[in-house]
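The data blocks that follow each hold one structure.
Note that chain A is present in both complexes that follow, paired respectively with chain B and with chain C.
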Partner chain A sequence: MRHGRLLSLYCMALYAFLYLPLGVMAVFSFNDAHRNVVWRGFTFKWYQLLFHDAELLGALLTSLELAAAAAAIAAVLGLLASYALTRHRPFKSREGYGALLDAPLMMPEVALGVGLLSFLVRAGYELDFGALACAHALICLPYTVGAARARLKSMGESHLEEAAMDLGATELTAFLKVTLPLAMPAIVSGCLLAFTVSFEDFVTSFFLAGIGIVTMPIKVYSMMKFGVTPEINALSVLLLVATFGLLALNAALASSRPRRDGCGP
Partner chain B sequence: MDRALSWLLGGRRPLASHLLLAPAAAWMIVFLVLPAAGLLLLSLAKNGPYGEILWTLSLNNYRRAFDPKYLPVLLRTLGFAGGTTLLTLLLGYPLAYFLSFRAGRWRNAMLIGLMVPFWTSALVAFYSWMIILGKEGLLNAALLRFGFISAPISILYTSFSVLLGLVYFYLPFMVLPLYGSLEKIPRQYVEAAYDLGADRWTAFRKVTLPLSLPGVIAGSLLTFVPCLGDFLTAEILGGPRYYLLGNLISNQFLMAQDWPFGAALTCLLLTCLVGGLWLYRRWDDQA
Partner chain C sequence: MSDETLLEIGPLTKSFGGSVVLRDVSLFVRKGEFMTLLGPSGCGKTTTLRIIAGFEAPDSGRVKLSGFDVTDQPPYERDVHTVFQHYALFPHLDVAENVAFGLRLRKAPEAEIARRTAEALQLVKLSGFEGRRTASLSGGQMQRVALARAIVGRPALLLLDEPLGALDLKLRKSMQLELKNLQKRLGIAFVYVTHDQEEAMTMSDRIAVFNQGRVEQIGTPGEIYESPKTSFVADFIGGANIFSARVLPAAAGRAHLMLEDEFELDVPLDVGERLPLPGKRVRVAIRPERVKVYYKDELPFGALRLAATLKDTVFLGDACQIYLELFKKSPGRMLTAVAGGDRYAVHDDIGVPVIAAVQPEDVYILEPDDDD
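Right, the complex of A and B next:
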């Protein structure tokens, strides 16, 4: 039994290590001291400062637009691709397509960044919002494909569309009335993951943003270059809360999936 | 229209599948495959005196990557990637073991708990480590308070802070594959070992550990290869003295304006990636 106790203690210590930075940041975002890490009393002023920072709000808006655009592109492309991968009769290059669509996960971010940077600049393309949105859609695509693929595959085993077609529906009607509604939780979940990936991405944006586009993580980075300030703490905490919110929404979606549709695990 | 779409969705012909996959595949080709091919081409070019690109093809950039000025960066990157892999394996294995054999009803909560730092922005987490490790940081304050040191010491911007950042970031990459393979081990195998008189340690050494080897290999690969290209950790926690390959690459593109050399370095990195994947596939096929 002592072994078991020791192991649980060890695991608790490891989790403490993982959460230490998050906790420290949260605590010091309420600290009423400018540079020091000594506790000087509770304050909301760093949060208030954030809400009056026009540049910051601009960065937030840019990030939200970027994430929405990237998630939307990735969702549509991902749905079409994962439908063909899971529901079509197996075809020769299916595995190859699957590997290609997962490639952004394996590609080092720096390689992706400098590759796109040099490619776009050499091709004479101005680095703008559109270019960044396309790059973000690329890194989001594996997530939307992954989410939709798992769901569509398990639905395939339930033959619901076949039932619809036996009752006279065309493939298109079956897709719109049966497949799409049942796959919707997975599609939304994929979108949320994609949105989170894009919203948090720093490295790709760092290489492609040029000078004109400031996303939230880029803004945080440039603030960090000027040194450690409690304002960044507050901002980071808000970013964390946003991430947690998105993930919690995602988890809620996953657990609220209808169980009696015959396609659950 | 209806018939055409139904034909696409029905997918009885490979052409329909290719058409549905075409947009996503084209996206990958335009924004990933072509840029990678472009880097390969660029790596053979020569940098002109004003940062322009001269298309006199040669392997000089690759030769330069191994000259004494840059070799230490490559070796350091290999060292940090290896060290991170080893440390995350040693630290993560007990956790993965606990998750699959002992955690019981806590398992799901713990797995989600492991994913949360994984999903939070690394930028934010590293920033917080700066607060903890800095000269006026929490760790120095604590060490002073308890009398371990008499004056603040440098912890941030050392090889220690880089290694810590890497281990922090890559731990879930190691633990999840480990957990995946430990989870698959049939419990009867371990019980059978006990029934045959093995004690805990022997059962672990002779049954559990060998059967979890696929997870060890997958986890190590998923840690080692991304570590080779890591950029953010040394950028924030390392400073110029501890730059890794990713930072060297970034500098060639953003500061030194020597794109061909940067492209050659990136191609070296991608070669390691492809090599790693190839080794893994070969090993996976044999097992």
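Right, the complex of A and C next:
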């Protein structure tokens, strides 16, 4: 009994450590005061202010576009890479190539930012939206590859594409009628993760944004220079809600995948 | 090759990453024939099947279907369908859509698709399951859907890769009979891969016994059982006591053998059977169920007589396994006999001298014994 009590105390402390700051932030986003320290009463005014801040809304739009573009690029590249890694006959150091695709996950973003920046500058490429989208696609790639690769691998073991070809489907038809529909939940789930990763990315954007491109995290950072205002709290709460929404959607997709791949009992 | 021949393959060789999987595999299948590729796992039977289907290309050798060389054709151009080991049903389609998959690809008219799908499902006794998700089916039902999907297009040849392997014993037995009946009714030739020798015996018109990438013997179940050509075949199908024997000079049409340097046997040769020269060694097989054990010298007429000591008996329920010590020079080498009934299930008899009797034609002469 005592052990059970200790354990639940410990759990509560852990979750408090994780989520209390977020909770406090959420509470103070409704605080009717300019300073964060004292509770002065309930208000929606910070949220209203937020939605009338043209600069902020612009940054939000930029971030959404950027995340969508990055997720789309990463999804296509990720699917193609996973297909090569799971469907082609084993080629030399296939595992190595697979690991290289996962590497951006572990790479220090500062190094990545510096590398990308100096590369693009040297290549004479303008630091525009396209460059930033490609850079984001790079950091998103491990997520889309990871999701698609796992799915394609388990599908390969159940010989579904072979069954389609056996029944008269060409490689392309088998891909379109069997591989793609079955891999779709994994592709979408990878996209959602990629979208989240791109949307919240600060370091890479900060290195490459240079002139004129202001993403949401960069905007928040610049607002922070004047202290943590309740407006930032409100914004963070909205971002949190959106992120949890995406995660929930992702979880729902994951559980909606077919349990069995037509395999035996 | 007669014009009845549907499939002809050979001599196929194939290796994966340096390890040889097929060594000169050749065989043919007649129209409407049930041909089984039988062998232990890793013997090359599944690879042979995949080469016929077009999923693998042989390193050398050709695949001919109805007289046409299809070796370089992709799977979707071959008039061959496969029932996969784990069914490979499309999980995103329902039962009817799974069955109709091939017909849809061929752009058959919808009315025809509906009619033939219903027909195929009726054949496998799954009428009424059209709208079911494949994940909600039992193993046996999935098996039937896979079968319906493969036969709905009426291919000339159906390939089945251990289709009953995932089912429990009772279901497997009833499915064996059903499959066999279906095959006869449709008149489609089957190439059936299994490692279960009993299954092969029950269902096949002919069996090709595979071992280590080679075809050891091809024949009807009766031929394979009654005149095995190698010790692997004798042992894998039905089980056998395998001994070494020295060839002695003998009359024409007969073999005179010295079994394990202790017993002299005089046995008839099959028509056309050839024997190594006198002085060489061959392997011989004796099936346990063809060995009769007698306590007294009351042998049936014409039987070979081997003096032995009863060492152990194992009660098997419907039969009894008897271990006999036959050879004084190598006492560990037992002769196993199987007797029906419970007559020998008495442990008191252990150690008593008995007579093992074998009819001369039940001694099978196998491959030369190169061990010495």
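Keep this in mind: the second predicted complex is superposed on the first by the 257 of 265 C-alpha atoms of A that agree within 3 Å, B and C clash if a C-alpha of one lies under 4 Å from a C-alpha of the other, contacts with A are read in each partner's own complex, and residues count from 1 in each chain.
Heads up, the rule we're going with is that a residue touches a chain if its C-beta (ideal position, glycine included) is under 8 Å from a C-beta of that chain, and two chains touch if they have at least 3 such contacts.
Here the structure is a predicted model, which is why all the values come from computation and not from measurement.
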Which of chain B and chain C A:Thr170 touches, first, second, both or neither: both
First (chain B), second (chain C), both or neither touched by A:His52: neither
Contacts of A:Phe244 with chain B and chain C, given as first, second, both or neither: first
Chain B versus chain C, judged by how many residues of chain A each one touches: B
Touched partner set for A:Ser158, first chain B, second chain C, both or neither: second
Chain B versus chain C as contact partner of A:Phe28, first or second or both or neither: first
Chain B versus chain C as contact partner of A:Tyr10, first or second or both or neither: first
On chain A, the residue positions that both chain B and chain C contact, one per complex: 170
In the complex, chain A residues that touch chain B: 3-4, 7-8, 10-11, 14-15, 17-22, 24-25, 28, 35-38, 73, 76-78, 80-81, 83-85, 87-89, 91-94, 97, 100-101, 103-104, 106-119, 122, 134-135, 137-138, 141, 145, 170-172, 174-175, 196, 200, 202-203, 207, 217, 220-221, 224, 228, 232-233, 236, 239-240, 243-244, 247, 251
Contacting residues of chain B [partner chain A, same complex]: 2-3, 5-7, 9-12, 14, 16-18, 20-21, 23-25, 27-28, 31-36, 38-39, 42, 91, 94-95, 97-98, 102, 110, 112-117, 119-132, 134, 136-138, 141, 168, 171, 200, 225-226, 228-232, 236, 246, 249-250, 253-254, 259, 262-263, 266, 269-270, 273, 277
Residue numbers on chain A that touch chain C, as the complex places them: 158-160, 162-170, 173, 178, 181-182, 258-265
Complex contact set, residues of chain C against chain A: 53-55, 74-76, 80-82, 84, 86-92, 101-102, 105-106, 134-135, 138-139, 142, 149-150, 153, 166
